[in-house]
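Across the two complexes that follow, chain A remains constant while its partner is chain B and subsequently chain C.
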Partner chain A sequence: MTALTMPRLALSGELRAIGHRLLAVVALCTVLSLMSDAFLTTGNILNVLRQAALVFLLASGLTLVILTAGLDLSVGANVGLSACLAASVIQATGSAFLGAAAGLVSGCAIGLGNGLLVTALRLPPFIATYGTLWVIHGLTYWFMAGATIHGLPPAFRALGSGYWLSVPIPVYLMFVFLAIGIGFARYTTWGQEIYAIGANPVAARLSGVPVNRRLALVYTVSGAMAGLASLIFLARLNSAEGDIGEPLTLPAIAAVLIGGTSLFGGVGTVSGTLVGALILTLVLNGMNLLAIDANWQPLVTGAILIIAVALDVLTRGRDGANR
Partner chain B sequence: MADLTLPLRGFGWERIPGAAYMLAVLSASFALVSNGFVDGTNLANIGMQSTILLLLALPMTLILMTEGIDLSMGAVLTLASVVLAAVAVKTGSVSLALAGALALGAAFGFANGALVAWLKLPPFVTTLGTMGIASGLALVITDAQSITGVGDDVVFFYAGKLAGVPVPLLIGVAAYLCTHWLLYQTRFGTYVFALGGNREALRLAGVRANAYLIGVYAFGGAMAGLAALLLTARISAGHPTAAIGMEFDAIAAVAIGGTSFEKGNGWLFGTVLGVLLVGVLRNGLNLLAVPSSLQVVAIGVLIIVALLIESVKDRA
Partner chain C sequence: MSPRLSIAAAAIVAATVSGAVHADGEKIAVFTKNQTNPFFQAVRLGADNAAKQMNATVLHYVPTKPDSIPEQMSQIEDVVVKKPDAIVFTPVDYKAMTPGVAKINNANIPVVNITDRSEKGNFVTFIGAKDYQLGLQTGRYLLKALGGKGNIVILEGVRGVITNADRMRGFHDALKEFPNAKLLASQPGNYQRLQALQVMENLMQSYSQIDGVMAANDAMAVGAIEALEGAKRTALVIGINGTKEAVDAIKAGKLLATGDYHAYNQGCLSVMAALRYLHKQPVPKEILLPVSVIDRSNYQPYDIAPDQRSCPKWDEVVKQ
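This part shows the complex of A and B:
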């Protein structure tokens, strides 16, 4: 089952791994189109894809982390700080390019910080990234001091709300990073080593995998993807304030787990995470269409997260006492 | 000296140095740089403010000892506080409101424990999920508004005095003594140590390990319900995001107090020191006009320092 024994699965293998989850997407779409006339409209479908793109970009880096049996709880806080930094740089310099660079650098730096806590200081990833969550959160609030930055230049906003050939820009980014993610995880040595670390870190180390360097890499990638997601989120909202990233952590983790990546490491796919992001977005979109109050969203996302964990544990039959 | 400490063995005097030195150094530095720190009112304030955190940190110690964690505690405390305020406003009865908060907290704790013990779900992500549920419920119930007008009977539990002693201090001391007794004097406590140290042995010895594990989480939830009384009294309202993230302070206090995340050994009195340390840190930084956002950063750094000391001790 692990990718190590079948390192060169064709794309059909990728499809097989997510097949029954795609059925869930189809079923959800059917139910939603029966319940609401507004669901099967071009505008709404593109909207779902655009929101799923944001969740996917954030969750795709996180997928690599979870494949190593780690976790990055700081992704939402990372989006918050990176978006605020990007927005203030744009405001100060007027340059969308410099702002985007600031967001990406901030995302990478936070990810690298997590990676160093986990590797150099050997802290358990759950605790380390939970700590950075609150540290980054505090820094963001301090940096913003209650202010809101809005009115970003149109060139920047196109990143989140623009269209090309009447498809939203983030959707293209979603497919580009899906391809990169699949290619990296499945067809590169580094990707295979990440699966190996998650399946058995000791065996991986003994077979010559530079475990610490690969771990630092996945946390940095997760941070970088949070930085990218922050730009798209910022461009879409057209405003930044201290709590901007808060609602994104739970959906990102839920998307990875719904997508079939195991918390115990070594099992999962980036394409599964895309399907997970779609399922989650469809549920939240359905609630929107049925005019259910937005206050219900963290509740529903939390419940979905628990169900996804339960399915992971029950289907793999592993003892998860220590996570 | 030895004769004095003998009857108090459960307190773990021999382990005091780390946490106590940190507390002493921090207090001394704040006393030096800030005029208002050494002041009867201020020190009493630290004690009173720390009681809410203590009520979370005591059961969190037990939960960490079982190699678990409860990230939902801040959200459950918030939800219980909102419910307590709502019931108090509706019925005017404090006991009814407290009963509601305790029952709600215990129910969430029980659910966490059942998911962890029966379904064997990883506590970290599971309680992250229940955190989402509890914080969502708090928003739904209040429609994201504060519930005000809880009445003086509720406020008494934070602002009132019994025989000249502030009520929250009495509640804090009572909670510590109860938890100390539970952990060191009862079979339940012995099993808490065993749940983290060697769960398999416990199971093989015929102990219903799962029931005790659920009990630990339910105890934590109920304590969050009790803390809701103090919190609601303190802000004299139920606010839908009042204590979101407070579990972070609680986990920090437990970690600083010397309870380790991975080996199932814990030290309850160390948690008291950890709570005081967090309280002193926040209070001192407040006096120095450091915004609360940066206080969180300082607590994060404290956790990392505590974990590093822990891992250095392990390697030594």
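This part shows the complex of A and C:
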């Protein structure tokens, strides 16, 4: 089990790594609270957390994939198809439960499909999931034929827009899955095997890690999280159309990478991904609160993301810069 | 689920059967921007309906990646080789597609331009609605409903897209007519539902009182309504495009109004114009459909699924 000692080391640095990432969040928050009275209010903090929840849920499963040095480009498309299927089932049966089940099953199935392409067919993850992305888009467009489904039952919508004890439901889901993610990655053998695969797949295989089964697992988890995110998405928007998932993929990948997970695998944390999701959400929130002109928003977004990561790299010193 | 599936299946069967069998009728290639926007779905259905009435066949060319410039360009290259009798063309980008238009012109295939006016090229006619007027009249409608005063926010479409630029000019000119109305913020929602919802949630944090929302399309308007409902706040909201979803929201009393972009009729008239040209009948150089605001008082004619509508008569719409 020599391969497992390395990930343990990586994990021990988890808090330290996140400490640095949090620096960017704190800096952003400080600047925003100085510039806008509306920023540091309970309402806005819950608002930011609720918006970050969607990105985080999608990105949390993706974190595991990227930890194995893989990639899942199909998460956004997965959200689109799963949301459309869930909405159709709810509309046809009137049952929020069946609809939610359809969305989750669809998400898992797509994820498992990716897993099989990567393991059984040994396709590079980028190509496998890029191919899946197109297949899912095609299926979604055909299935929806340009239509929009809207008007879902209130019980289902509560999943996205409801509150419990004045806190939005998606925020609870975010923290539940954060806890599950940290627990899985840190304290289970499977979680550590995932780090081991990302750090060195050959060494992992030689030390007895069932690499293919673990890879199939992470892609399925990523798909399942996309299925779950699709339900939150659907419940918040109260409608589904063919292209709704499209704009979600890159922000999800960005959240994982901003959160400190390496594209080369083996290094990173689920909690870092939460920080990444928060930074992305804070940028949009801040620009809206300050009513920054639309022409400048892309520039501001890019600049802040670069500064946020540079801040982390610089404060960690040279060793951190490589990963 | 089943009706949607059967519609899609029927459309595919109809497209393949009609494309292959009826060699006698004129063949018209119809280019639209994407598979996802209900607007273009309605355009295609209108084109199909007109073609059926006039015994022509329509072949649809739609980029699989929405609004993809290279994909539409290669579709043009394919179509120019196949030489249909006429082409109905919506450029995915009004500037970038001008080389594609030149290819069609060089092949001497008559082409009707619809929805987005191409910057260059020779066209039989242009059929569309004025985005500026849509912005102006829906904006004006909202401000009148608010008694000419109140706090307004604008949800913009995609910067750099001509429809958005014109709609924004319309909104702003409407605001100028009502000096007591105050524009709090104008923020981009990129024509996307989720972004509009989040932008609206954020704006509600900084502004405790928002009375009116001008959204550059219906999807963003409906997204803003979801945000308002989630925060248990109310504001009057207008959208643009006249989609079925917007009509349903008007019926439910959630959306104040939407501007009719005449998607279905644009599809109908474009095929009719192409066939009239081929039959050597007169076609005006430009057909701009009148802008109308759909609200609670007049939504009934729009409250019908696009695949069940039928085309208007040419002479009723085009007067001299």
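Methods note: the second predicted complex is superposed on the first by the 278 of 323 C-alpha atoms of A that agree within 3 Å, B and C clash if a C-alpha of one lies under 4 Å from a C-alpha of the other, contacts with A are read in each partner's own complex, and residues count from 1 in each chain.
Everything below uses one rule, namely that a contact is a pair of C-beta atoms (placed from the backbone, for glycine too) under 8 Å apart; a residue touches a chain by one contact, two chains touch by 3 or more.
Just so it is clear, the model here is predicted, and its values are computed rather than measured.
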Which of chain B and chain C A:E241 touches, first, second, both or neither: second
First, second, both or neither for A:I194, with chain B first and chain C second: neither
Which of chain B and chain C A:W134 touches, first, second, both or neither: both
Which superposed partner A:I279 touches (first chain B, second chain C, both, neither): neither
Contacts of A:L121 with chain B and chain C, given as first, second, both or neither: first
Contacts of A:W142 with chain B and chain C, given as first, second, both or neither: both
Partner chain(s) touched by A:T41 [first = chain B, second = chain C, both, neither]: second
First (chain B), second (chain C), both or neither touched by A:Q297: both
Which of chain B and chain C A:L71 touches, first, second, both or neither: first
Where chain A meets both chain C and chain B, residue numbers: 134, 137-138, 141-142, 145, 242, 295, 297
Chain B-touching residues of chain A, taken from the complex the two chains share: 71, 73, 117, 121-124, 126-128, 130-132, 134-135, 137-142, 145, 242, 250, 253, 257, 263, 293, 295-303, 305-306, 309-310, 313-314, 319-323
Chain A residues touching chain C - in the complex, by the definition given at the top: 36, 38-39, 41, 43-44, 47, 50-51, 88-89, 91-92, 134, 137-138, 141-148, 150-151, 161, 233, 236-239, 241-244, 246-248, 284-285, 287-289, 291, 294-295, 297
Of chain C, residues touching chain A in the complex: 1-2, 4-5, 7-8, 11, 34-38, 40-42, 44, 64-66, 156, 159, 184-188, 190, 192-195, 197-199, 201-203, 205-206, 219, 222-223, 226, 229-230, 243-245, 248
Residues of chain B defined as touching chain A within the complex: 67, 69, 71, 115-116, 119-126, 128-137, 139-140, 143-144, 199, 245, 248, 251, 261-262, 291-297, 299-301, 303-304, 307-308, 311
